[in-house]
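Look at the two complexes coming up: chain A is in both, with chain B in one and chain C in the other.
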Partner chain A sequence: MKIGIPRALLYYYYYPLWREFFTQLGLEVVLSPTTNKGILDAGIKNTLSEVCLPVKVFYGHVSALADKVDYLFVPRINRVEPKAYICPKFMGLPDMLKARLQQMPPFIDTAVDAGMDGNPVQCWVDCFQEVGSKFTHNHQLVNSSIAAAFRTQQEFQRRLTGGMLIPDALENDCVPEVAATSQQNYTLRIGLLGHPYNLYDAYISMNLIHKLQSMGSFVVTPESLSVDEIEDEARKLPKRLFWTLGKRMIGSALNFYASKELDGLIYLTSFGCGPESLVEELVARWAKQQGNLPYLMITIDEHTGEAGMVTRLEAFTEMIKRRQKHENHLSSHGEPLHSG
Partner chain B sequence: MKITYPHMGNLYIVVRALLTTLGLDVVLPPPTSRRTVELGVRYSPEFACFPFKLNLGNYLEARELGADTILMAGGVGPCRFGYYAEVQRQILSDLGSEMDMVVLEPPDVSYKELKEKIRHLVGDISWWKVIKAIRLAWYKARAIDAVEEKLLYLRPRVYEPYLLERYYHRALHEIDALSHRRAVQGAVRDFIKKVGSMPQRSGEFLRVGLVGEIFTILEPTANYDLEKRLGLLGVEVTRSIWLSIWINEHLFGGLLRVSNECRDDHHLAPPYLNSFVGGHGKETVGCTVGFAQRNYDGVIQVAPFTCMPEIVAHSVLPAVSKDYGIPVLTFYLDEQSGEAGIQTRLEAFVDLIAAHSHDQKGGMLSGSVFGN
Partner chain C sequence: MDLFLGIDVGSVSTNLVLIDYEGELYLRPLYLRTQGQPITAVQQGLVLLKEQLTSEDRIRGVGTTGSARSLAGVLVGADIVKNEITSHAVAALHKVPGVRTVLEIGGQDSKIIVLRDGIVVDFAMNTVCAAGTGSFLDQQANRLNLSIENFGEVALQAENPVRIAGRCTVFAESDMIHKQQMGHSLSDIVAGLCDALVRNYLNNIGKGKEINPPVVFQGGVAANAGMRTAFEKALETEIIIPQHFDVMGAYGAAMLARDQTSEQGRETRFRGFKVSSQDFQNCSFICQKCPNACEVIEIKQGKELLARWGDRCGRWSVTETEAGCVPV
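== the complex of A and B ==
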């Protein structure tokens, strides 16, 4: 029995958990290929133009798996922590898919909902228990599969906080040292914010991380911070943010600002993303308050061109370098570092 | 303290009744205009939704008139509305236009906090006075809805639509000015009598249900006067959301029994949409099914550009449209929507549903669609 998992959206956070669960149950997991033009085109064809790019890409991955698997794992993700949503589109995703795609294998669209007082582990346990019961009556097996799944997920998270970037950490057989060395020889430290499905899908982001690295930047992402570090900073907001990813972005930005180690900050958002339209605004306004930390927002959709992106990145990193030179020059003459 | 609040259609009348009865000094933002839109757009995040931008424009214009405090609702939805105030506060402060923002969070967030905020605004006040204020506000909300229901019914029918609009605005003005329940209800009766005797076309008219996000439905500046445009094209419009119904359901917990055609429609959202998705997404789908079951000729969905719950709803509507054979048209609206484009699309849609309903019902509609 083959279970298809689209390599999109929350795959970037939860794939180890999902894969291990199904594998332990004795099912074969089939992952869609990395995003490519065919996948994107299929997604665009089957969605409203108003839908954001990552959801279009998700449709494409679902289509790519359709005739290769017996089931598709597309859970309805309401809340993965209490009192915070991801996005309305995640809540309606299975319905959106069904209304627009024909001849699909059956969906496993069990809801994941931490509700008002649940927790980030229990919501998946509940989901898996329900999913497991569709495939086996052996409760023992379901429970041990869940336990194994969480062990794998923990290992994955350890790699991230150890400094590995998500794409490397997702590769099962990756050697930690290799990943770490890929980030040597840099002159700038650039913070990079964005939802994981934008940052780590090399096709969507047009290899943003790699491009920055090859321009001599060390890239710092939210994933290098622990959940507690992020939460502690996010808690300082006057009003609690009720979007999980938005909270991660704000909490990470506040960590970055507090550490004062960055030379610049880049925020990658999808065109038309609701939560980001407000969260990004706050991050940008606060960057100004950080002695005018160089800040760049990049909005992507299916029409974004690679050349334009490269130009903007080059201009941004050059600007930072020029500014640093200028500041060093000024300060060596005993003048103030910041004029305004 | 001079208190202001954002516009949403005729909500200003209801809130003004409430606040002035409580003894507060209200400074209303000027009616939302091109200038409001420009101000709002200039200082808002580019991708914020349209209501956010209009709110901000309202605040800046109210400040020019001396307002120093903003009263605003909050929320913890998955929709963006609940975080508007936080971002708007930062924007106002960066502009050097700080205003005190009192954000009323729904009671389930913190009942105590809500009570404290109300205290902060009105000080010590007798419960009797509070109840009196709420009652007057409620009757005004009902009065506005009664007047507008009649308006929507008559728009395609009367020979003198512009006179009807005049009567309508006069009635709103009276409801706003009066401060006794009986007088308010009297104003409604007068309006209904007066417009009821206007010369009218007879026959059957095309009926369109209006669904979507509440602000865009209730605020004519946001929907580019969509209801009026449809009325002039000979269409009778039924709204899925009414001010008083919304107040009853969300603020009074559905305590009062007020009838509304679409009241139970949200149960009709499954199998098309099986989950709450924030905002009015589920209602949009449910009401579309409801209108279809009640044999409407078409449904129009309106939403701010990039509105997430409505995009989810829109994504599943083709399935409803196909199953019930009902034409559905969606408008995403923001400051860049062009009036001419909207008018053209509306005319084409009315053409389509006229032809469609002719096929279905096997006969010409006797009311002429394009007026004469």
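== the complex of A and C ==
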């Protein structure tokens, strides 16, 4: 029995959890290939024009798996923490897919909902209990598979907070291009905000991470922060954000500012993302208040011309380097630090 | 005389500037139309320059900028290939030493550069949309049967500029047609259009930026007196337009080339004016090695492969022996 998992959207957060669960149940997990032109084209063809790029890409990945698997795992993810929702487009994902795509294998679209006072673990346990019962009556097997899945996911998260980027942490399973570059010999430390399905999809992000690294930047992403670190900062907002992913971006941005270790901040957003249109504005304003931390926003959509992005990244990193040179230059003309 | 050449190959114009060691202009800068043929435009520019040079003149360094900077860089053998932001900032600083804001509107691009103490501290460029750039003005002038050169003068005669939606080119155009049909005067419409572009620029590109004087306005669109007035009205400050506002990118590239070669004290990589008569072939092909189907561009001079780009994986840029384009 083959279970298809599209390499898109929340795959980047949860793949180890999902893969381990199904594998332990004795099912074969089939992952769609890394995003390519064919996948993007298929996605664009099958979606309405107003959805965001990552959702279009998700459609493409679903199409790529359609005739290769017996089931498609597309959980209906509503809430993965209490009192906050995932993006509305994700909640309706199974319905959107069914409305536009024909001749699909059956979906496993069990809901994941932490409710008003559930928790990030229990919501997945509940989901997996239900999914497991579709395939086996062996409760013990389901339970042990769930336990194994969480162990794998924990290991994955431990690697991320240890500073690994998602593709490296997924190892063997994922994008080799980004994974291959080591983060050495850098002169700048750049914070990179954005949803993982944009940042780490080397095709739609036009290999942004690699480009930054090759310009001499060490890249820090929200994944290097623990949930608590993000939450502590996000709590400082006058009103708690009720979008889980948007809150993650804000909390990370605030943490980055507070740590004062960055030379600049880049926010990668996809055109047409509702929550982000507000969050990016908040982040930009904070960047300004934090002693004018250099800040750059890059919006991606379906265009494939890289020139615009390269120009911006080049100008951005150069601006920071010149600024630093200038500041060092100034201080060397100031009062001597040690007299005599 | 020792000279430095700056080449800015943009979507609409290709500009060439020669400067001396002091950064002073030598000869008149060239402003040519790119017309979708960057290679030819650069070659033409070189021919025109060469005609005016004496046997004593030597090119000691070359810098390229603009959206076709890599292509131009390969073609002429540039010592430095730099993005437009840096080039424009360097040139503006040279002309107006204390400049704190640079507004630049070109053919397909518009940008704002914020400087403090001679250093770029912030910048923004227009997003994917080219609304409110020179190309749009060009088109509308054409539609109104005005030459783009007279556009600004007409705008200045306006008494009551009409309000035109500046958010999107398509909307702006239908708005403008509507105002024409209603019977507003040409100058009021043209001035309204300038106001709309400025509003759009300040809301989009200038959003959240501290625009402090001295403000320098450069790029091809600065030729338009209507735009200058609209900016002055909106920002309530004097707008400085440098003498060679339309070739500032190339000017900056020339200065960067001077700094680069004199700092490192090395010979220029300039391939010489013979470049203008050499035969370059550029062609593109779609790589079939993986589903990404990258559009790879190849520049050849005779049989010699000068450069390739456009591939995501880098196989074409590296494996130079592999056959790329199939000769037609």
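As a convention for this text, the second predicted complex is superposed on the first by the 323 of 340 C-alpha atoms of A that agree within 3 Å, B and C clash if a C-alpha of one lies under 4 Å from a C-alpha of the other, contacts with A are read in each partner's own complex, and residues count from 1 in each chain.
The criterion applied here is as follows: a contact is a pair of C-beta atoms (placed from the backbone, for glycine too) under 8 Å apart; a residue touches a chain by one contact, two chains touch by 3 or more.
No experiment lies behind these values; they were computed from the predicted model shown.
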Original post:
Put the two structures on top of each other at chain A: do chain B and chain C fit, or clash?
Top reply: fit
**OP:** Tell me which partner A:285 touches in the superposition: chain B (first), chain C (second), both or neither.
**Re:** both
Original post:
Can A:311 be said to touch chain B (first), chain C (second), both, or neither?
Top reply: second
Original post:
Should A:203 be classified as contacting the first partner (chain B), the second (chain C), both, or neither?
Top reply: second
Original post:
Should A:301 be classified as contacting the first partner (chain B), the second (chain C), both, or neither?
Top reply: second
**OP:** Go through the superposed model and pick first if A:227 touches only chain B, second if only chain C, both, or neither.
**Re:** neither
Original post:
Once the shared chain is lined up, is A:33 touching chain B (first), chain C (second), both, or neither of them?
Top reply: second
**OP:** Would you sort A:238 into first (chain B), second (chain C), both or neither based on which partner it touches?
**Re:** first
Original post:
Touch check for A:258: first (chain B), second (chain C), both, or neither?
Top reply: neither
Original post:
Centred on chain A, what angle do chain B and chain C make, from Cα centres, as a multiple of 10°?
Top reply: 80
Subject >> Closest Cα approach, chain C to chain B, once both complexes are overlaid on chain A (Å) >> reply: 5
Subject >> Footprint overlap on chain A, comparing chain B with chain C >> reply: 271, 285, 299
Original post:
Considering the complex alone, what residue numbers of chain A touch chain C?
Top reply: 33, 36-39, 177, 202-203, 206-207, 271, 284-285, 288, 292, 294-295, 299, 301, 303-304, 307-308, 310-312, 314-316, 318-319, 322-323, 326
Subject >> Touching residues on chain A, where the partner in the complex is chain B >> reply: 47-48, 50-51, 76, 78, 83, 85-89, 91-92, 94-96, 98-100, 111, 237-243, 269, 271-278, 280-282, 285, 299
Subject >> chain C residues touching chain A - in the complex, by the definition given at the top >> reply: 67, 83-86, 117-123, 125, 127-128, 208, 290-293, 295, 312-313
**OP:** Write out the stretch or stretches of chain B touching chain A in their complex.
**Re:** 45-49, 52, 74, 76-80, 82-87, 90-91, 94, 103, 272-279, 281, 305-309, 311-319, 332
